[in-house]
Each structure stands twice: as structure tokens, then as C-alpha cells.
Amino acid sequence: MSTPYTTIIGLEVHVQLATQSKLFCGCPAQFGAEPNTQTCPVCMGLPGSLPVMNRAAYELSLKTAVALHCEIPTFTKWDRKQYFYPDLPKGYQISQFDLPMSANGYMKISDDKGRFEPKKVGITRAHLEEDAGKSIHDEVTGKADSEIDLNRTGTPLLEIVSEPDMRSSAEARAYLQELKLLLTYIGVSDCNMQEGSLRVDANVNLHLETPVGHVATPIVEIKNMNSFRAVQQALDYEAKRQYRVWQETGQKLGDSPKQTRGWDDATGKTMAQRSKEESSDYRYFPDPDLVPVRTTAERVEEVRAALGELPADLRTRLTATHGLSAYDADVLVNQGPDIVKYFLLAAETSGDYKGACNWVTQDILRSVKEQDVAIDQFAVSALQLAALITAINDGQLPKPRAKEVFELMLVDRMDVAAAINTLGIEQVDESALVTLCQDLLRANPKIVADVQNGKHQAIGPLVGQAKKKNPNADPGRVREICLELVARGE
Amino acid sequence: MAITRADVEKVALLARLQLTDGELKMMTTDLSQIVTYVDLLAEVDTEGVEPMAHAVEVSNVFAEDEVRPSLPREQALANAPGRNERGYLVPPVLGG
Amino acid sequence: MSLINSTATEALDLLAKGQITSVALTSAYLQRIADTDDQIGAFLRVDADAALARAAQIDQRRQAKQPLGKLAGLPVAVKDVLCDSQTQTTCGSQMLASYRPPYDATVVARLKSADAVLLGRTNMDEFAMGGSTENSAFQLTRNPWDLNRTPGGSSGGAAACVAAGMTPLSIGSDTGGSIRQPAGLCGVVGLKPTYGRVSRYGLVAFASSLDQVGPLAANTTDAALLLEAIAGHDTQDATSLDAPVPRFSAEIDRPLTGLRIGVVREHFTTGLDGEIEHAVRRALDVYQSQGATIKEISLPHSKYAVATYYVIAPSEASSNLARYDGVHYGHRTDRAELLDELATEQKELESAGDREALKNIDNGLVRMYRRSRAEGFGPEVKRRIMLGAYALSAGYYDAYYLKGLKVRRLIRQDFDAAFQQVDLIAGPVTAQAAFKLGEMAGDPLAMYLVDLYTVSANLAGLPGISLPCGFTQSGLPIGLQLQAPPLAEDTLLRGARMYEQATEWHKKKVPI
């Protein structure tokens, strides 16, 4: 007998803030350098060294908090979270405990495929902290020494903790996508998961409706998920696993301590992590080396004013003001800030949002993907695209030939005028078209007969021949004229 | 407040100190004595008193976001008790 | 007259006029060290060659009429707790016995740019934890006035080397009295500046919210000179105060008119040695004769200062010392021994069938931490780490650490109220004169109570100075402590100098 259940999901996301230098020292925060070449006495935690807060890291976190509709307390401070690990050289992580720089926000999510109703996901808190270094373990035998690289130690992270407001892996994925979109829009992080600039931990359990009442299963924290797809798979797996375990053991929330499980992409399973490493007493206390930060209400308003248009607002504007469909607006906005910037420039310049949207979401995205280039490196600039759209709308360029023009712009990097010129595109005079059609009908009595017998599709080959004789001939018009001439019996 | 040997053992693990049997005994006595003295604080009325974590009331001290030179790797690793040419080495975490 | 009998200020003048050279001055002090330090043990390391080379270079630059720093050519000793690039910096600990930092502490950098001649590194209690310098992992330091007694601590070496005339100037650090107490017990001047007045960057931390670097010297003018060279805002220390540094030494001889001195009722209750009380009261008489008003004041929470201190300081210390884990620098236990030990334990537990214990046995890494730290730290450091970890641990945080922070504010508020009424607070530095070496061994609490009169200034962040105000019958120095409001070091120094000008205590030389 199966019991109906709801999956309850909360996410903890660590994003690396897009600063030049680390959170408390001047070492570069860039990814990918040779091990242990980006460290100094401060991030190595050498005796006597002291941290000084990076202004940009604070500003970026403030911006994020405002974008997430968080409350920004006037007073925030730094705490030490204490535990021993070789990639944590001070024996503590500088983080924020009881007075985080922001709390009680939300973000809206929705699904264009309608798998769930649009909803607000609560943001419990977003706080700043420093990253740890990297340990490279001997995964094969487990016997060789681990190697420690401190390059990443001290890079600024913003930990964004959601309320347990998500009810399916699809909602969780949508939350992550929307969060990533928001963060890249406002430029606070590149959110590159491969480079670890966005890391996700999930807390999940089930609420079951049993004949004897409402029951919750123990909460499990899932780590090690390296893509949004992995998050979705891990959550689906974990929900099924918890249901099975509940059926087998009947264990409820509170019967066992919170468990941590690691996601294994290869096997598609979550695995329990050793319990001894879990039980910790972090002995948080205010970091005496760092002073608190005070943020005035005016400052928060300044940040809010400077934030610009967020993805959700842009979607609304595109549909309400510019007549795009909700689907189109979603597809476009979800491409991220660079594509959107390109789109907006083309749309505003040409005045044709719908046209720009079609070009961008179809030909441009495909070509960008095929060429694997960044949009600002793309052969056809936004202004060139606008010129192309304008040429079509002004009637200088017959729509059917627009793709040929685009190809030349793309491959030979021509501008619109040059491409039109090269292709010899010009307006074809109506009388010339009629003459052309008359010639073709005369030369093809069999087709004329077929059409007269009601087989209108027989006209097709004539359209093709017309195009050969004059590439500028509008195929639609050719078809119309031919049918008309046959009907009149000419 | 009296501190038990079990308390001391727990804190010794938290603080990553290995204490001999004799040290555990002595530590239990010493800590109990000191904590009992410190319990004097309980009699102070601190209702509504803001905790004072810093000796000076300074806030908003920032450094600008500028890259400054890091240490050459050889210098960074110079004091390491275990290392190879790239990084620090430590006994395996998972091994027994 | 031997060169070492002149004060730092006099020597600086002679150097400037070209009447002596830094090489001659430095040699004279090095000679004095060679003659006396084997009896006293103030220095952990003296680098005579480096000091002489530096002195020669400064002399040369002076001859070439090149611009020179504030302390050009003057020898200075540095407590072994401040990082000196590529130079051993041990903090009196086995943990850092062979550690060489890759950078200079701001104070060391300022001494270098002031063209001071760094003589060597002075002994201290391990990680500055202690009041007798007996907690040094390397050697004992003896009080130059009585070799069977302690020089105090934790800056015992720093005070003893000045008292014995081995250096005119010396740098110490003070977390709960570690400059003022040894200065008092050794009969020299020692000043703990306002928290934030001197950069902590490169000062190996004991308790970050209490630590301050400060000068020790044979007289107040020399202390003022040294303070001027090291004080001032540092962008590398977020807790450093962005306040201008007055020219303390230029102003110091100007007496304070209408000076109001507070005497703390609670300082004269129990445990204060009669001879010390007498000396302090006579010092107050001197002030009175100079026109100062003496006013009795109360610091009602002062009786909680030591308890507050022994919650906050160990808590911060337990955290600050977590970095000594044998991974990136410092002592690491022997790997083979470590593995042997674990294997033996495992076998024993297996044969005893103790499954629970087997499950909880340390992994290799955890055991490496525990052994490295157990071997690298001495007993007092371990005790404070344990105390701090306990006070911060789940279930005790509110009752101890948080409570301590609240009482700390009350202590500070007491001072704020007192300084509404008086300009300076005067009193004893310690309740007793220098005690015998080994006398306090085995009684950590008694040792902690030695800090009775000094910890408040650290908790409140105030400047304080210790200066000689007499001797006991048995010839041991007695210190007078003055305390001032935040950033009032100028008042503190001028007030101290007023007394000094009227007395001769600071001129008395050690018998050795």
C-alpha cells in the first residue's frame, strides 16, 4: 500500500563573488592558477596576520541581498566557525553566525511547461564567508598523503539559504536557474559550477499523510552535486530512498540526527558520509580581528536604485509592453544578461521587439552555439541585426531572402547593405513579374492543364523556375500571379 | 562549576589535544578550580547590557578590491613540515 | 662614562651630533649582554653581527648626510612574538621553534624604517601566556634585582634586558598586563597603549581583542620616544585607530596643570602588600605636592575583571591557536610513531572487544593534529586552550563567553564614568613585588590573580603605564600604574614624567 507524500526541499547555495582579490587579503581570486601560487600570510593564516574586509565583496553581497528582497540589518558582524581541516589554515572559517548581513527575502519561480504553479521561495538568509582551500586525496588506495592547495582559501562566498519551500526537484532546479540568472544579471558572480563558483547543498525530507496522521522523515543534507541536472537527479533519488527507508524502518524526524549524504554521479545514488566527521561543535564567536559593518537605510536605497532591471521585471516588460509571448520572453530572458543586452539593443534600435526576438532565439542562438563564441564576439553585431530587421520592415529586403543576407553577414562579415548588394537583391517591378509568369505558363502547357483540372499544387515547379530566372522574384507573388493568369485563361 | 573528566576528554578532542592520563587528571582539577572562580560572574546583573567583543567601537573598515602580490610558492611552502613541489602534504583523512 | 649609562634620548642626541657612533653604542650594549645575560637569560637570540652591520650602515648614512629615521642608531630589543621576516620567531614555543615568517610585523617594519638597530629577540611566556616568563619553552629569565626571582611576564625578557642595561629600548606586548607587570617587577617603565594605537599586524596573537604592543625603557621620555616610532594607523589591521600620533617625547616635560588623579577604592582592599601600598600612597603625596588633586573613585566591577579576563582571553586564544596544527608550518609529530601508536591502540581495543571505542578511534589526520599540538604546546598554553574551548562550547557560551562580554562592557562603563571626574587613575601594578621562581608552579589560579590590577585596562582598551615608585625592604622594585582614557597617552606620559622628575627611583641601577 502506498502512502501519499510531499517532498520538502531547502537549498543552500554558495556563490563566489566576482571580486578581483580575496575576501580578506590582496591575493587574486581567480580560478585555475598553479597550486599555492595565490597565497599570502593572511590567507595562509600565518601567525600574526590579520584580515581586512574587501569592500567590493561587501558591496556585491549587499546588491544580491537587495535583489533577493532581503531585509538588510543596520549592523552585521563577522564570526569564527571553528573546526580543524587541512584546507582551513587558521582552524576557523570567517563567516557570519547570528547577525548575517541579510535575511528574510524571497525569489519568485515559475515553469513555462506548467509543471508547477508560479511561487515565491523564501530566502532565510544570505551571509558572507571565506572559502576553504582544496584537498586532493588519494582516491584509489586512500593510503597516500593528501595534497593541499590554498589558492582558493579566502575567496569570497555568499551563502544563500532558502526556506524549505520547494516541493519537487523541478522546483529546485527552477530555483537554481532563476538564482543563477539573477546573480549573473546583476554581475555579482559568474556562477560557473565547473569552477566551483556556484555550489549547491540540498536539505530534503518527506511529509507523509498516513492513516494515523502527518509524519515527517529525518532531514538529509545532500552534498557533491556538480550540475543542476545532478541536483534534480539526487533529489528524485533521495525522495524515493527516504520513502523506501521509511517503509522499512518507520524512522521519523527527530529519531536520528541530521544525516549528510554525498551524491555520486557515476552510480546515480546518494551515499552516507561518515557520521564521526559530522558531529561538530563549531564554537562560533565574534571575530575580534574584524570590525562590524553598519549599513544605513539610505545606502540600501542607493543600491536598490542602482540595481537596474531584474530578470522578472524584464519578462513582464517584454510581454506587457512589447507584445512578446510569455514563452518567448522566458526563453529570451533565460539566456542570461549578455544575450539579453544584445537583444535589447537590436530591438530598441529597430523598434521591432518581436522580430528581434525571433532572430535572436532562432538564428543567432544557433549560430552562437555552433561557433561557440561569446555574443560580444559574434560576427553580426546587435546594430547590424537591427539594420537587417529594418531593411526587411522597410521593404528593401524581401523576407524570403533575409536568410541569405544573414549568411553573408555571418560568414563574410558584411554589413546589411553590402550583403544585399552582393546578392543583387532589388525590388522586382510587378509588370516584370507578370511577364515572367506569362512566359513560364506558355512554356509549360501540361502544368497549366493540371491547374485547370484543380491540381493547384502543380504550380510549384513554376515558382522554382521563376526564382532561377530572377532570384529577386517573390515566390508567393509568383504563385499568386500564375494562378490568377490560369484562372483568367490567359 | 565542577568539570568532569568526560568533559575534559570531549573538549580535548574539540581542541585537538592529546592528553596523557596524568594531564587529564590535572586538567580536570585545574579547569574545575578556574571555572569555579569564573562562576563569580554569575552574580553580576547584566540584564540589557550589550556584549562588548571589541575594545574599540570602530566599524566599516574596508580594503579596496585590488590584487596585491602573493608570496612566491617556494616562500609560501618554506615552513611546511610536509610538502612536495606543489603543495602541503598531510596524512590521509580517511585512513585509519 | 660608559655609553650604556646614557638614556636613549641622550644617546640619540650624541649620535645626531656625531659625538658617538651607532657601532660604538651597539657594541657597548652587546658587550653588556655578553657580560650579564648568561646570568639573566633575557635574550633568546642575539644577532651581534647583524646588529653591528646595521649600526655601521646607519653611521655611514649619517656621515653621508642622508636622511635618517627617528631612532637612527639606537639599539632596540624585540619580544619574540613579533614577526621579523626570514628571522626565527618562536613566541617562546616549541611549536614555532624553527619558524621563520615570510613577512615583517608592522611594528618591526616601523622600527627598521626608523633606523633602529635590532639587537635580538627577548624571552617570554609561551605565546605570551603567563606572568613570570617561566612558561617559555626555551629558558628561564631571572629578575636582575634578585636572580632567584621572576622578572614577571609575559614580557619578562623585554623588561629584564632594560633593567639590566642590556638595551636602552625594548618592545613588549601586553594582553593582561604583560608589559606593565614585568616593568613593575623589574623597576623599568612599560607602557600599554590604547587598543588600536599600535598595529597588531604581525604580532602573533594571544587574545586579539586585548593584545597591544608597547615600549619598555628605563625612563618615561625614552618610552615616549619609542612609542612615537611604532604608533599610528595601519591599514593592515582593521582594529587599528585612524588617529594622529602626537609628538609624545616633545611634550613630555610639560607638566599637567590642574591634574586630577583618581584613586580606586577597590585597589586597596585585600591582598595588597603593605610595602607596595605605602609606596603608592607616597607617590600620591608627590603628586599632591605638585598641585594635583587626589580623588577617591570607585570602579565597582573591578572585582570581576580577572574572571572576565580569564573567560575572554582563553576563548580568543583557543581560537587563535587553532592554526598551529602541524599542517602548514610549525611542529608536526613523527609520522611513524603516530601510525605505530594508532595501530597499537587498535589492536588493544580489538583484543578487548571494545567496539564503541574502536568506532571512535582517531583517524590518522585527527591523531596527527592531537599529537602535534600536544607535543608543540606547553602546559599553560594547553590549559588556556582547553579553558577557552570549554567556554565557547555548546551549552556554555552564554554562561561564560557571552556573560564575559557583558561584564566587560560594565567594566568599561565604570572607567568612562571615572574619567568624567579625573584625568588619570593611579594605583599599584601588582599586589606583591617579584615572587620567587617556581613559587607559583602548580597553582594556575594564584598565578592568574597576579593580573588583578592590570587586566582592566586591556578589557576596557585603555592606555596604562608602569613606572618605578620605590623599593621593598629587600630591594625589589615597586611599580606605580597610571591609567588614562582612550588615546590619552600624552596625558599618561606627561603625568608619569611629572612624578619621575620629582623622584630618583628610575635612576637606581641593578646590583649586577
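Chains: A, B and C, in written order; residue numbering restarts at 1 for each.
One rule holds for everything that comes next: a residue touches a chain if its C-beta (ideal position, glycine included) is under 8 Å from a C-beta of that chain, and two chains touch if they have at least 3 such contacts.
What you are looking at is a predicted structure, and each value in this text was computed from that prediction instead of being measured.
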Overall pattern in which the protein chains touch one another (line/ring/star/complete/other): complete
Centroid comparison with chain B (C-alpha atoms), farthest chain: A
Chain closest to the middle [Cα centroid of all protein chains]: B
Cα-centroid distance, chain B relative to chain C, in whole angstrom: 21
Euclidean distance of C-alpha centroids - chain A vs chain B, Å: 41
CA centroid of chain A to CA centroid of chain C, Å: 56
Contacts with 2+ other chains: residues of chain B: 14, 16, 53-54, 58, 61, 63, 71, 76, 82, 88, 90-95
Residue list for chain C, restricted to those that touch at least two other chains: 99, 102, 209, 235, 238-239, 318, 322, 325, 327-329, 365-366, 369, 389, 393
Residues of chain A engaged with two or more neighbouring chains: 41, 44, 52-53, 84, 86, 148, 150, 281, 283, 285, 288, 290-291
Residue ranges of chain A touching chain C (in the complex, touch as defined): 41, 44-53, 80, 82, 84, 86, 89-92, 148, 150, 276, 281, 283-285, 288-291
Of chain C, residues touching chain B in the complex: 99-100, 102, 194-196, 209-210, 235, 238-239, 241, 301, 303-304, 306-308, 310-311, 318, 322, 325-332, 335, 338, 342, 346, 361, 363-371, 373-374, 377, 379, 382-383, 385-387, 389-390, 393, 399-400, 402-410, 412, 444-445, 448, 458-461, 486
Contact footprint of chain A on chain B as seen in their complex: 14, 16, 53-54, 58-73, 76-77, 82, 84, 86-95
Residues of chain C defined as touching chain A within the complex: 82-83, 89, 91, 96, 99, 101-103, 105, 200-205, 207-209, 235-239, 315-316, 318-319, 321-325, 327-329, 359-360, 365-366, 369, 389, 392-394, 397, 401
Partner chain B, residues of chain A touching it in the complex: 19-21, 25-28, 34-41, 44, 52-58, 77, 84, 86, 135-138, 142-150, 281, 283, 285-286, 288, 290-294
